[in-house]
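Two complexes follow with chain A in common, the first pairing it with chain B and the second with chain C.
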Partner chain A sequence: MIKSIIKYIKEVLGGLKSLLKGMRVTGYYISHPKEIITQQYPENKDTLKMFDRFRGEVILLHDENNEHRCTGCTACEVACPNGSIEIISERVLNPETGKKKKEIDKFIYHLSMCTMCNLCIESCPTDAIKMGRNFEHAVFDRSLLTSVLNRPGSKLAPGVED
Partner chain B sequence: MSTEVVNEIKEQEYFINMGPQHPSTHGVLRLLLSLDGEIIKNVEPHLGYIHRSIEKMCEKDTYKMIVHLTDRMDYLSCHMNNEAVCLAVEKGIELEVSDRVKVIRTIMSELTRLSSHQLWWGVMGMDLGAITSFLYGFRDREMIIDIFEETCGARLTMNYNVPGGVMFDIPNNFQKRVKEFIIYFKKKLPEYDDLLSNNVIFKARTEGVGILSKEDAISYGVTGPSGRASGFSCDIRKQHPYSAYDRVDFKEILYSEGDCFARYKARIDEMWESMFIIEQLIDNIPEGSARETTRAVIKLPKGEFYQKVETARGEFGVYIISDGKKSPYRLKFRSPGFSTLNALNTMAKGSKIADLVAIMSTIDLVIPDIDR
Partner chain C sequence: MTSIVDSLVKSFSSFNLDIAVLLPVITLIGGTVIFLIMAVNALIAVYFERKISAFMQDRLGPMEVGIFGFKGGKKFWGGIGQTLADAIKLLVKEDILPNNADKFLMILAPFIIFTGAFLTFIGLPFAQNIVISDFNIGIFYIFAMSSIGVIGVILAGWSSNNKWSLYGSMRAAAQIISYELSVGLSLLTIIVLTGSLQFSEIIESQREGWWIFRGHIPALIAFIIFLIASTAETNRGPFDLAEAESELTAGFHTEYSGMKFAFFFLAEFINMFIVAAIGATVFLGGWMPLHFGALESFNAIMDFIPPIFWFFGKTAFIIFLMMWFKWTFPRLRIDQLLTLEWKYLLPINLINILVMAFFVLMGWYF
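Now for the complex of A and B:
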């Protein structure tokens, strides 16, 4: 009888001790605010820097002369598992050589289908596309997620096809 | 009401739907419970709410594309899933990857295991009514996710392994960051014990609950920490070593109780072992190429290829039947969660509904893995 009472009291005290142990951990963090690692996201927008390799969206690189490096070979279109890249190219007459040459008309990118798997970037033979670091893609209309990546009036940079 | 009618109502079992939107089912899993009062008589899982036909999609994709789909199955152990596909494809094209790739893959797998167990620990506490553990688990997981973000470019669906190696070589400060994390987490893991493992309420809710015997674990094919908590020695890393697991020294965690608390302890101990594995490898990553060149379109020879790996939840297998074309004829995934879910009825029979929540969280289900 007495043994069982002692056992019961021991259990109660042991239970209380375990609860206090847990409380000590949380108490430590209340008294040490420096240990908090939370980032205040919309407020820290100016200082927030994503890592170089961060995959947010596909971008077509343009230089200062509004020239890109895409030859329209559609390697990225073939490599894409979800059909998020569509390349519409046309044959343009080159006035210097008098020959018809393939040029991209529209580089269409469906962000809504993209899974950021990086396979298109790897397949590109001319390093024309890259993964951008922007991650704020929320829009009110789904059609806004489809964009044409080549800028109006942009041309193929010379020397890419050689 | 007459006593006859009352007796008839008393004898009738009644049914309750747990899910598909129940917060403690970790996803869209619907459990049809037949109850006698509060005692569970039968649990019947209903699947199909997030079926995406991944296996069928693989039949039209090339082998390089398949890898990124496995991220979306067990998203908490995506590195191991990717690795399984890559190893199976490498078996097919008879490609031997460099030692550097093997070591990087092993480190990444163990980091994924750690992050998966941290998330499980947090969610486990929350299922049992303690919100503190959720915040603590996510705090420590954030450090691993940051390492992944810097190395692979993504936080959850990494798609880091490719047939022939890894997508990018590790960044310069990878070793420094991982070492910092290990030092940090060695200090923080004892906190987990203080918060949950030794907590009297937590112990009362998990000890002796949901017992799975060793025989049942083997016959249902329950693998991973859940199986090892029942005494079923099933660690693929030990028994069929792949990547760099043959050159590291670690213990296989085995418990004999088979109850919820044993499954809990098995995962906590696995975290220590994972850190031990990373410590052995991080200082001597061999030099070499991080990626062997493969053909642009990989074609496997005719035949069947199987590779199994140990994910955070158990044995994950990839079975490829190839007919020599650029995409597989048939591809089958053996996911650990599906087998574990089948054993749920055996574990939960005769216990209370509240115990079912504890059992569900200790077997660590990821529904997209079960329902692919």
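Now for the complex of A and C:
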């Protein structure tokens, strides 16, 4: 009898305590407006900076000499679960060694099919591609979502295949 | 204490009007005042509810609508025109009545809810002499009127001819019938101290100090129970099973649209204001300023703040507490709801009132 009364009182006090704990969390947030994470998007377009982990699109990195690091191994194409990457490569005669060598002609990327799963970036042996942070992809024509990632006239950076 | 009705009768009596003319005039003036207070209260409360809920959940809430291009601020006040725009939208919206609904009852339901909320304002004392009518059973009257609303809720659920509406209204009925007991008993705990049901006397008895301080532990327990039970009685979260969005779309007002929906919405906020005002009057001293026995200069500063601000400040404090509850706690299940009332609140309340009566008998209060 006494035991059940003590249990009852303990239940009531424990319940009150847990309720107060919850109220402390919300009370903290309402007294600290700096914690608000909402972005006022169209207004802060100029200052908006997406965080590092954000995945917006696949980009092929180019350096200042218009050189990329893609060897055309198609590891990313194989890794892609929904076929959003197509690599068209060709064999080009190297004038120095006199041998034919594989080079990418077009790195085609279908943004409309991409799910931003990051598998292509992880599978790339030469770190040629990475995830960009641009997210403003809305267009009026679906064909605009298919793009060639390697810039015209770009070459493979020397030393990547060594 | 002279009420507004009393002073109106006195000032009109010089015209030698017949009572049949006088009565409608006075009723109209009083009614207009109440309606204005209700509308303004709802406008402000909806805005604060949306902003407070947003800030508690790390959001910003409404930020786009201003008044004539004046937006108010970057965070809390950004979007002050939102509720005004919403009110205009609700006024001009198409009013839909479902084909198979009981049309007469469906139109009647929001009016019953609104009338119930409207009538309670008659007894509420806003400040010294600012009360529509001060009569000897004030708190009992308000208590009775505020439970009229549940008839409207049941009618709304039944007449909509929609199973979710009916579920919602049945839940609301079960909830209000159970929690009415706790609200009544927790108020009765303080009535034991005041010895009167008249609002002016309840407030007058707190001139020395508010009951929540003077009645120590039993009064504090009564206050907590009052907060819980009155939150449940206004059908607000965490007790909003009657309109549980995830289960019943919108509960009893699923089929309502336009201005009729606005009546339900308005009534919810008015009911919240009313229970907060009762709580402020009974536990926190109504329009009485905060006084500490010996601190003369402190008391003088507190006296300087007009009583109407004290009343609205205390009411706003309790409304804020209720919003805090709503946006912190998850919704209860119907069996948990009834367990809370019948196994916890009611027995604690009964013991509490007994303890309080004993305290009063022995004079163990300040």
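The rule we apply is simple: the second predicted complex is superposed on the first by the 124 of 162 C-alpha atoms of A that agree within 3 Å, B and C clash if a C-alpha of one lies under 4 Å from a C-alpha of the other, contacts with A are read in each partner's own complex, and residues count from 1 in each chain.
The rule we apply is simple: contacts are C-beta pairs under 8 Å (C-beta built on N, C-alpha and C of every residue); 3 or more make two chains touch, one makes a residue touch a chain.
In this text the structure is predicted, and so the values were computed from the model without any measurement.
> Which partner does A:Gly83 reach: the first (chain B), the second (chain C), both, or neither?
neither
> Touching A:Gly22, do we find chain B (first), chain C (second), both, or neither?
Both chain B and chain C are touched by A:Gly22.
> When the two structures are overlaid on chain A, which partner does A:Thr115 contact: first (chain B), second (chain C), both, or neither?
In the superposition, A:Thr115 contacts chain B only.
> Should A:Ile30 be classified as contacting the first partner (chain B), the second (chain C), both, or neither?
Touch status of A:Ile30: second partner only.
> Applying the document's definition of touch, where does A:Phe54 land relative to chain B and chain C: first, second, both, or neither?
Touch status of A:Phe54: first partner only.
> Would you sort A:Gln40 into first (chain B), second (chain C), both or neither based on which partner it touches?
Only chain C; A:Gln40 stays clear of chain B.
> For chain A, which residues lie in the overlap of the chain B contacts and the chain C contacts?
19, 22, 25-26, 37
> Show me the residue ranges of chain C that touch chain A in the complex, using the header's touch definition.
Checking each residue of chain C against chain A gives 52, 55-60, 63, 75-76, 224, 324-325, 327-329, 344, 348.
> List the residues on chain B that touch chain A in their complex, please.
Touching chain A: residues 61, 64-65, 68-69, 132, 139, 142, 149-154, 157, 159, 167-168, 171, 191, 194-196, 198-201, 203, 296 of chain B.
> Name, in rising order, each residue of chain A that touches chain B in their complex.
That would be residues 14-15, 18-19, 21-22, 24-26, 37, 51, 53-55, 79, 81, 115-119, 122-123, 131 of chain A.
> Residues of chain A touching chain C in their complex?
12, 16, 19, 22-23, 25-27, 29-30, 33, 35-38, 40
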